[in-house]
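One structure, pasted below without further comment.
By written order: A, B, C and D. Residues from 1 in each chain.
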Amino acid sequence: MIKKVLIANRGEIALRIIRTCKEMGIASVAVYSEPDRKAPFVYHADEAFALNGKTSQESYLRSEKIIKIAKKCKADAIHPGYGFLAENADFAREVSKAGITFIGPPPEAIELMGNKTRARKSMIEAGVPVVPGTESAIKDINDAAGVAEKTGYPVLVKASAGGGGKGMRLVSDPADFRSAVEGAQREAGSAFGDSAVYIEKYVEEPRHIEFQILADAEGNVIHLGERECSIQRRHQKIIEESPSILLDENLRREMGEAAIRAASACGYRNAGTVEFLVDKHRKFYFLEMNTRLQVEHPVTELVTGLDLVREQILIASGQPMTRQSSIEQPWGHAFECRIYAEDPENNFAPSPGRIHHISPPDGPCIREDSGVTDGNEISLYYDPMISKLIVWDQDRMHAIRKMVLALSEYEIQGIHTTIPFLKKVFQHKRFIRGDFTTNFLNEETGLFNGQTSHEKVAALAALLLHQVQKSRKKLVSPNGQNTINWKLIHRKNMLDVR
Amino acid sequence: MKVFTDIKDRTFVFELIEDNGGLKVLQEGKVLEHELIALGHNRYSLVVNGKSYYLQIIRDNGLYHIHVDGEYFPIRVEDERMRQLRELVGAAAGGSGTLLICAPIPGLVTRVNVQEGETISKGDSLLTLEAMKMENEIKAESDGQVKQIFVEAGAAVEKDQKLILIE
Amino acid sequence: MIKKVLIANRGEIALRIIRTCKEMGIASVAVYSEPDRKAPFVYHADEAFALNGKTSQESYLRSEKIIKIAKKCKADAIHPGYGFLAENADFAREVSKAGITFIGPPPEAIELMGNKTRARKSMIEAGVPVVPGTESAIKDINDAAGVAEKTGYPVLVKASAGGGGKGMRLVSDPADFRSAVEGAQREAGSAFGDSAVYIEKYVEEPRHIEFQILADAEGNVIHLGERECSIQRRHQKIIEESPSILLDENLRREMGEAAIRAASACGYRNAGTVEFLVDKHRKFYFLEMNTRLQVEHPVTELVTGLDLVREQILIASGQPMTRQSSIEQPWGHAFECRIYAEDPENNFAPSPGRIHHISPPDGPCIREDSGVTDGNEISLYYDPMISKLIVWDQDRMHAIRKMVLALSEYEIQGIHTTIPFLKKVFQHKRFIRGDFTTNFLNEETGLFNGQTSHEKVAALAALLLHQVQKSRKKLVSPNGQNTINWKLIHRKNMLDVR
Amino acid sequence: MKVFTDIKDRTFVFELIEDNGGLKVLQEGKVLEHELIALGHNRYSLVVNGKSYYLQIIRDNGLYHIHVDGEYFPIRVEDERMRQLRELVGAAAGGSGTLLICAPIPGLVTRVNVQEGETISKGDSLLTLEAMKMENEIKAESDGQVKQIFVEAGAAVEKDQKLILIE
């Protein structure tokens, strides 16, 4: 069994992993950059070693430094978290070479899934549906028309060298196909100096639905149900849930089996995620496989009762997984919100700064996975995600109401966060109905502003505080707290302000 | 005394009346019975006609930044005289014609997309700031001409540092 | 459906109820005493009205004042929480008379269960086992010997007028019965001037196990499994769990059915709890019924997925309960710790004062039901319980480890709390084995003190801080936080203290 | 310099050596590499030879009250001279013979169980204080005689208020 784990990561996920290590009686080792010295993951770990440097390049991406520390402190395993070195096959190899267990999949699986073309080929061989289309540039327009026919309309004609929508055509009617290809080729040629185009099925009203996989050393592969992550901003997931409102038992079984085939095809071991797009016809297509723990793993934990980090450590230790069969029926419903240090009123500009006061909501079925606390500095060096708010309830409707309440109670002072924005999403009629695609936030730009019933009371509060401050007759009570100068303010009942 | 509270483009007007050493607050002719209590850490409990609210209020840059129930409002409070004064000054300054663009966030200048003397249109990208692994475009808020550029690509800037002067 | 609920209570339970009201779209009304003006339940409620007065007698026990406020603000229901007026049948009656829904059982059920003798009689009629014995004083010693025989040895001979153990005899062997009764009568006579004694079965190695009941307006009664509450101090529960390690499926079914009979016998409606003692032979005996929500209801919520306050409101509104059948298999395992403002190092003396800083643990499957926040004053006027820490995990062993971690991370500054004591209980071998009775804390007095591995590091920290403070050369960093004067302290790596 | 740290009845001894402007700490001859960082709100991060600890430390009444991992330690820190001084004073004061009993907590005096002049034995209940719905007995810590009683039943007392003088 693993005895000491070095966590090659920072923030909430480092703290998350440390907590499971502590519960399992495993020593935890933090490594930290200079700006992170005061972060909770450093002082909650059993041991802590400086990487020095401020940027990721100088610290969390320095594999050789990290492995050196692991050897020095005699860690027998390294957990990479997500991001940084988590999907770096070379790092996984170096770790193993140093005689240390890498808590993750074999490097070969990381490599295979890291290569789009190889992954696509391997999925087709394993019978996992991929988005249909040509894999290479079109040479003959008649062949292309045949491919389009087989793929099924609507299709996308895309510039091979392309990007940003240039040289792209959406074709719904086969009669338009020829002129569309020619137009796309012309546009691609002038934009990129390369007129090659290829064809891909257009996924209509796509939803992002992914399956959590666990695979042990003996080749057992199970899935733990799905997560829906269609609510995205700039292709970044911001809200995730499990189960998905779109899936019924049949589709869940079918997709789950495909996910298991995908994992088996690459010789997977440990926890991983197979991502799919699902279109409006409920057809699903393999998107990619993430060969690590996901940010959104907590929603799966809440509806399965499993601790995925615990399972990762058990698997890496060669121990049996807690359960040997896939999940058929999730327990209730869970949501996760990612809370970013960004200003939603200002086009989501980063909002670094010192957190003067943070007080997450408490109460029934609310979970907060946070990496920060009072006095911490949100620096410019890393990802702006500061915590994840997760709720559970008996069904989707109740879980939505719970999230609205939890967001309402969440207090963070000193920086802007996406909390007000997230609350608007959870109160949106289409979101509540489950009627959305990955384009939801582009379609519903009205979310970014709009008025509420609380404006008037906020205005009154500002007015009252303004009058008190103007009078400059602040009372300081014996206990050192400011109390309002009541002489100035009309009150109905005198209160003993203690 | 009339007092104006502006939340972005909306305004709420209150009337304040000295009353027996206290202060009576009216809105649209109705008295608002109120009690505001400081809880420390910029937290306040406000009860208005029996309704209870919990707010976090920070004053910064002449604005009251208020969080209530997970919602956020930046609010300016002005009495009648202040407001008139500001409108006069604003009108006078309106035609002056130079606009100083400062960094809205700290970050790294990755690209400067204009040159001194260049004519620009509203919406043009002036400069790209990188922070937290994200690129942020600083765009022109109106047509004009670039008079001066204070930074170059690669420079680290603080919040509110001068970037570009537009004429 | 109920539209506005006045909560006739304070602290964590008031906040707990407010949260469920908010989730259900029901307006909540707080009433508060003077010392509670700054408490979270006041400012999280939708409306708040002062009761004035400081003591419970002047505030939370003033039923007429509370009903008057409810009428004034047009509340259509009152939730009494636990304690205060929760088990006051007259209050329940007055509320109904005022045309307001009382969220609790009918007054008749409160009255019946509030009277020990009537309750016992009614339970016997309903076929619910009670602790066997004579109900009245012994007149004839031969009759008494017959009763003792029927009851089964060991028996307790107890003075009718007694208390404090005087005039009490434990008899294990029938041969000793006569002399024991005579001895007890003599002692009772001289101690209380009344020599009457009665006989009760001695419950060997008793454990406190209770069943949660829900009953709707149509007479459906279900149980939600058990809670074990054997860990008590001065007859006060301090740790509760669900399920109990003692019960198997059969005993759970048997006791659950008895609990349902008990509730049906008194015409129960809404949420209630039937308490039993279980002896070392796994025989169970009715103790009493609590006709209200219990402090420890969260453990049941976590292993059933139900929100009991939501169920209470649904039932009081005449709506169907979320589930119509009893729980057969709990979901995982849950523990609750009651955290008191008491000093365990000083014989659990009350520790009132200002909470300078409170930071409950976060992370997976940890729930905190708290009534306080930074800056709140723990006053002398009310119960010293300030919050409840609840954890869930897949089984008892993992839940214990999780609670140890959660207690370790819980920060409260400014007052003493029972956290260090609770942590010792959760690390105790007998507790971990589940080998305990209601006498556990009396038997294990060693828990109250004892040394740990952290002493040395605490000593070092005190030493270092002392040297810094002695030097009086504190640096104040530009951001206003104190940093240690590093010149004084030998350091290996220079750090950029930000 | 030797420094003594007392946790109740246990003592840890450290040796401090001035070292190049810094301070070297030794215990039982071994150097403790350490770094103590203040996190605000009385919270500290301490790293000793790579081991990481998180502590809350409040200084009150000459003691350092330390919370670490849910455990609590009141600690007294003294250097050699201070310790000798205190032991001398303590020995001198030891025989003086009066003991002032103060309220360990604020509360309401519900009963005074002794009278002035009464002879008492160790463990006798002197007075009952009610707080938070609980009765708390104040007991005699040694044999003696009640010299003076400063409160009566029904009185509300503050923490550390004088209750009874024992001779």
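The rule is simple: a residue touches a chain if its C-beta (ideal position, glycine included) is under 8 Å from a C-beta of that chain, and two chains touch if they have at least 3 such contacts.
In this text, all values refer to a predicted model and were calculated from it rather than measured experimentally.
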Pair joined by more contacting C-beta pairs (B-C or C-D): C-D
Inter-chain centre distance, chain B versus chain C - centres from mean C-alpha coordinates, in Å: 50
Separation of chain C from chain D, taking each centre as the mean of its C-alpha atoms, in whole Å: 32
Intercentroid distance (Cα basis), chain D paired with chain B, Å: 52
Between chain C and chain A, distance of the C-alpha-averaged centres to the nearest whole Å: 39
Per-residue overlap in chain B, given as positions that touch at least 2 other chains: 37, 40-41, 51, 53
Contacts with two or more other chains, residues of chain A listed in rising order: 37-38, 44, 357, 373-375, 408-409, 481, 493, 495, 497
In contact (per the touch rule at the top): chain pairs: A-B, A-C, A-D, B-C, C-D
Interfacial residue positions of chain C with respect to chain B in the complex: 30, 37-38, 42-49, 73, 373-375
Chain A-facing residues of chain D, complex: 37, 39-41, 45, 47, 50-54
Of chain C, residues touching chain D in the complex: 341, 345-347, 349-352, 356-357, 380-384, 404, 407-411, 413, 416, 419-420, 423, 451-452, 454-469, 481-484, 486-493, 495, 497
In the complex with chain C, residue positions of chain A that touch it: 15-16, 19-20, 22-25, 34-35, 37-38, 44, 50, 52, 298, 301, 305-307, 322, 331-332, 354, 357, 359-360, 362-370, 373-375, 377, 393-394, 398, 401-402, 405, 408-409, 479, 481, 493, 495-498
Residues of chain D touching chain C in the complex: 3, 5, 7, 10, 12, 14, 16, 19, 21-25, 27, 32-38, 40-44, 46, 48, 51, 53, 55-59, 64, 66-75, 77, 104-108, 131-134, 136
